[in-house]
């Protein structure tokens, strides 16, 4: 059974709502996966290598992931090399449409890529990863759920390889 | 009198609508500026150094400015160094909300920064530069007009220096 | 047998040297792959979906891929959706160390991600993809060769899935 | 007299060496400026609006500024809007040539742009801002010193406006 971590920071609750809906999508998928949904300050760096997929969620603060998520990434250097070949993904909530959400997700993907992780985009919808502007509405939550399902299926396939 | 160039590529007409509204904003400002509104294939590379401000507009194609705008930037190497200290800006229209519009604008700003140009963000609204998702509506056009006015005033000030 | 396309633009010859060395790395790998090495203006958009992996190479022009490569990406919209699940990669040569090479590669990866392609980083060496500053020397060419081998093996694995 | 803040985080000492050399460049310039050189945890968020220029320095951690610098930026929201029109700049030290240094600087510039700050690139040298790979050598320190001088002169001019 493959394991997926959804690790997020949320102050307003918007990113948390997205995280929960992605988690629901993972659980509702037909893939043989289980999911851990954790706030970043409850997540053990030591636990990272046991996952097959790590999805990071952050609010958009000044066009980048928030400091808590960034500190977590900084500390993940303990496992530099150990996360190679894991699947990675990212999502964010921002205050405005062109308010830095894409640059936040791309920033997170850059960090995951430096870990040697595997990133896959979506030709439809939010290409780089799920985005909500303000409180996520029905459409955004549906996209989160779809994303969770889709990441579960992708992770199951990748985990069957020895990348 | 300061001179502003708005240089754009538009296929669907959405980017062109934004360009025209930014141009109107420049004209309606109180700043002592004049504006040239030109499609990219009508713009002479040789003319670039005579401007005090260059604003580039492109549709979002695969998260980046379109090939025509990029080719124009490639050719601008003829004037590498000559554009230092000019004001630069960028805008884009994209098909989707998280469809690559921010990465397109940031890409354009990166090119302008490499030319040594001066870029200023906006603490309110579309921070990196105006974005429209699909056909620009009333709100987006108003923002374009505001942006034009704001760039006109900024350019007038910068042009009064010898940067 | 998996098929890899290395598609590049080169004016000074530096990007071409990298392309050839990546191609050699693919050929020398033990993976069951074959490689097509093509200049971008010889590459048929129609051929893209037959590949299992597409690696794009461009010189760094103003911090971004050159116009010819960008135009090629623009035209690839004909196959939007058809490239989902293919492996993607990118490399660049630039004039200076901090001269825009990383932003060029990240720009290319963004486009590939929007196609729904699969991107994997390297925890060692040039994380986002191979970079040469000026004419690629022995170290850079060795890294290119290593990258080709590594991409061949990764592609063989991914192609065995049905992503 | 204009005031410049150089605010940095440094663990290995490499970023600190760059910071000191930029500071020296500011001091040696003919511009009528004074400089405060501060580690990020000694910098008061409340002090930010009193500066005419803010230059941020960070090591490159996973292709982005470190968590401490990011937290500082997050907290700077207290003064959102108040920093509009200030000059902004960034520098970084990284372990490898293509190891994420450009994406770190561009990330910092994105944050400064969202604050409404004014960013200017350099047509020569490290276009986005000074970069050192490993311990900064003579060439890199010279570039830092040049950058400090250049930022001092630019800040003096901008501060004379009312942007």
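In this document, chain identifiers A, B, C and D correspond to the written order of the chains, with residue numbering beginning at 1 in each.
The rule is simple: a residue touches a chain if its C-beta (ideal position, glycine included) is under 8 Å from a C-beta of that chain, and two chains touch if they have at least 3 such contacts.
Quantities reported herein were computed from a predicted structural model and do not represent experimental measurements.
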item: Chain pair with the higher count of C-beta pairs in contact (B-D, C-D); value: B-D
item: Centroid distance [mean C-alpha coordinates] between subunit D and subunit C, Å; value: 33
item: Separation of subunit B from subunit D, taking each centre as the mean of its C-alpha atoms, in whole Å; value: 25
item: Where subunit C touches two or more other chains, by residue; value: 63, 100, 103, 106, 110, 113-115, 127-128
item: Topology of the chain contact graph, where touching chains are joined (line, ring, star, complete, other); value: complete
item: Subunit D to subunit B touching residues, read off their complex; value: 80-81, 83-85, 106, 109-110, 112-124, 127-128, 154, 157-158, 160-163
item: Residue ranges of subunit C in contact with subunit B within the complex; value: 61-68, 70-74, 76-77, 100, 103, 107, 110-111, 113-115
item: Subunit A residues within the subunit B interface of the complex; value: 63, 96-103, 105-106, 125-131, 133
